[in-house]
Amino acid sequence: MFSVKMALQSILREKWINFLTMATLGVLLFIFFAILLVLYNVERLTSKIPSKLSSLVVLKDDASKEEIAAVESEAKRSKLVKTVDFISKEAAMEDLKKVFKSDDFILKGFGENPLFNSFEIKFKSDEDVKTSDIKALISKLKTHRAVDDVEFGQAQMESLSALKHGVRTIGVTLSTTFACAVVFISYTTVKILFYRRKEEIEIYKLLGATRGFIRLPFFLEGAIVGFCGGLSGAVMLQVLNKITLSKLTAEIPLFAVVNIPFTVFLLFPVIGLMLGLGGAVLAVGRVRY
Amino acid sequence: MIVLDKASKYYDAQAALKNVSFSIKKGELAFVTGPSGAGKTTLFKLLYLAETPDDGTITIAGFNTSNLKEATIPFLRRNIGVVFQDFKLLNNKTVFDNIALTLRIRGIMERETKERVHSVLKLVNLRHKSDKYPATLSGGEQQRITLARAIVGEPTVMLADEPTGNLDAENEDNIMKIFKYINNKGTTILIATHNRSLFTNTGKRVFYLDEGTLAKEEIA
Amino acid sequence: MIVLDKASKYYDAQAALKNVSFSIKKGELAFVTGPSGAGKTTLFKLLYLAETPDDGTITIAGFNTSNLKEATIPFLRRNIGVVFQDFKLLNNKTVFDNIALTLRIRGIMERETKERVHSVLKLVNLRHKSDKYPATLSGGEQQRITLARAIVGEPTVMLADEPTGNLDAENEDNIMKIFKYINNKGTTILIATHNRSLFTNTGKRVFYLDEGTLAKEEIA
Amino acid sequence: MFSVKMALQSILREKWINFLTMATLGVLLFIFFAILLVLYNVERLTSKIPSKLSSLVVLKDDASKEEIAAVESEAKRSKLVKTVDFISKEAAMEDLKKVFKSDDFILKGFGENPLFNSFEIKFKSDEDVKTSDIKALISKLKTHRAVDDVEFGQAQMESLSALKHGVRTIGVTLSTTFACAVVFISYTTVKILFYRRKEEIEIYKLLGATRGFIRLPFFLEGAIVGFCGGLSGAVMLQVLNKITLSKLTAEIPLFAVVNIPFTVFLLFPVIGLMLGLGGAVLAVGRVRY
């Protein structure tokens, strides 16, 4: 079609400036996705941190089986709880022996096992598990006759959930700000690219061109520039991925878990195209006669 | 074909055109003259709707410009061929593409476009400049390209603003011949010029503008 | 003042100027004429060093353009006032600032600049357009601004390319009077024009260019 | 001076496009510093993680004072070691009692203290402390007659230093990439801004303007646009700081440690100015007659 030819001609005519615009869009998208990937992978890494939220419910030595079962079912009913494990005093002794390692002769000195039966409760690590809720559950459990005491690593729990929350908040803030910036800069770049064309559009109008005829080549040009920009961004990301990340993984096995979903590379040109097209639509604006 | 009824145009309270009324019949060839800044170009701008009159009404090629829907403006303009005083050529397009644009806008097939563009280029003796860019042309060459662009669409009305300002006597004659030729084929033509020799002894009507008013009208 | 010795200029193997030799004495007023595309503007471009000759040498205002250091080009240009065929006005500056630029470039004080700009504006009858932007001026008004800018620097050589193309007879006379006046004060002037009436019966030398060659030279 | 007037006039004349350029520079600088700040604060946060690199040197019960002192001085001589603390078997017992908390009656069952004397060695947590060096030191210590065994949390140590190293590598890569991008986009934006001025420069030259006269207003314009861009970036960062961060701090006390050094705000306009000026210098290029 003629519009396509015109758009391509126009891009070729002003190679340099179009190249700059494409490169700008590419770099922007690249950075945007790089940020998103870092956030995505930080999220993945933090989710691999084993859930450390657990409590130890110490049971009285003289508690009956029924009383103990009541405590267990109370704990299991709660939505906050992931697992409830019964640890007999014998099992606890085995654990203690591990602490003293080869020196378990120390413990052999005991006549009777001096330890106690207990439940280890592991809580869910979702961010909607609130410390206050857990505290409420704990005081409930304490009312049971069978329960001697409940130990709960509160400080630990709070700092961990705060960290996760913080990472998430920073992530959302950063990527939102960034998305706005990318859209804005894309718009600006395309706008500046078309700013010089006012006169051209003026002449088109005077020759009797309809709105569609005037705008189509500009839209196509914006779309093509955006598409190519996105493509170049994808290439940059791939290069970063191959060079930096593979080096990093070789050095630090932890990073082997970092993952770039393939769809991202398909997204690049699409988002680039949309940015370029959107920028062109806004830049050309409403054509008035 | 062209009717002005008390048309006025003000630029910051300064009248560029004041109460101008005249009418030009279909197929007529007429001249507008007057000193620099008299309002000739402004008059043309009103006719091809680059400006709207602050007062009065204008009818051209059957369109009444006062109650025109915006969407019909392009179609009005396709009936009017304009030789702009400042050429208004697109510097990023070749001579061929500049002229072809007029036809491409109308959706005319590429084959026909090629033929018609080449024939008007021949008419203004610039067939060999077809692939050049406007910036590499001489002043007179650019002016002739502008004329070629105006006539390639075979408009019903032709507005030529100072079409020979950069041209020597020989080219001037050639261009007046072109005007007469397309006028004979039925195109209504209005030419704005300072160059009295263009209209002396033609027997055509000449409108004299002075400081925005129609000072007199006479047969040359 | 101006000496061309076998000057040639080619654009893609196409000669725009071929083996042109002539010389113009200090204080002389001469004309260059010839059909559209003959090479008048190209000749001027060589003189103010917008283009370098592909062959031959050019001497102007005491500078030999063939062995000129790049840094002295601005100073050569300050001695030459040019009326450009395509005006070359800055659209983002007012008429006043456009003209004043010539003086500001030379570091002339603002007070003197103001006086001189206003006086040349009066000379071309555009004192009242001082604060307007070029795009809002008529073609003839823009042309006169370009002339005003060329003379405000009181150059030793003046090159005027088609200075009356957009002007009516009255303004034309006025401008020729200005040329004669500054010529009498000692400025060497070369005018390129299609308009024979500018030079007929002036008794000045006229150079006829045709397809880039100097076809003839005569006293008008 | 006249050049200043001309630059200001030029900026005012093309308000819109200059505004866009300023805003673009501002947004870029803002993002750049936001990223740097995140990295800076992550660095600060990780450096607050207490050094967990320690070893326990278990001493034989029959070791003489001299032999023990030899071990201590050997450990202290190493550049890797931060502190060496002697823990007597009595102190170790106290610690063990703490583990059993209120249930220390268990330990009372022992006749003699079954524990041992030991040294706790804390290693420096610099990244130039390598696991291999620490292992070498440990095997050296094991050759002492007084030493029974050395316990060392190798896995823990490796993952922590890897994490720190990873954060640092990501940080450097990200901020380098970003710095390049900022410079590039600034250059592009300013270049596009001046692209339309070719004709203007041409006319200046033809009127006899010297190089300096032509370039100065452009440089000034670039500098002013850059300066204002930097300023607007500083304002954005301040807004983000006041709104987002203060909210975040209120919610998660951990973020109270986040700190924006004041000099950053002074840096903004300076860097902006340099970017604008540099862009203008490159954009105008070498003026040839």
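Order as written gives the chain letters A, B, C and D; numbering starts at 1 within each chain.
Everything that follows uses one rule, which is that a residue touches a chain if its C-beta (ideal position, glycine included) is under 8 Å from a C-beta of that chain, and two chains touch if they have at least 3 such contacts.
Bear in mind the structure is a predicted one, so any value in this text is a computation, not a measurement.
Steps from subunit A to subunit C, taking the shortest chain of touch contacts, total 2. Greatest Cα centroid separation from subunit D: this falls to B.
Averaged C-alpha coordinates put the centre of subunit A at 21 Å from the centre of subunit D.
Taking each chain's centre as the average of its CA atoms, subunit A and subunit B sit 64 Å apart. Taking each chain's centre as the average of its CA atoms, subunit B and subunit D sit 68 Å apart.
A separation of 29 Å divides the Cα centre of subunit B from that of subunit C. The touch graph of these protein chains is a ring, one cycle where each chain has exactly two neighbours. Each chain pair that touches appears in this list: A-B, A-D, B-C, C-D.
In the complex of the two chains, the subunit D residues touching subunit A come out as 17, 20-21, 23-24, 27-28, 30-31, 34-35, 38, 99, 103, 105-106, 109-111, 114-116, 159, 162-163, 165-166, 169-170, 173-174, 177-178, 181, 184-185, 188-189, 191-193, 195-196, 240, 244, 248, 251-255. Note for the complex: subunit C touches subunit D at residues 48-50, 70, 73-78, 82, 84, 88-90, 92-93, 101-102, 104-106, 110, 149, 153. Interface of subunit D with subunit C (complex): residues 2, 9-10, 13-14, 200, 202-211, 213, 288-289. Of all residues in subunit C, only 11, 33-37, 40-41, 85-86, 136-141, 143-144, 161-162, 165-172, 194, 196 touch subunit B in the complex they form.
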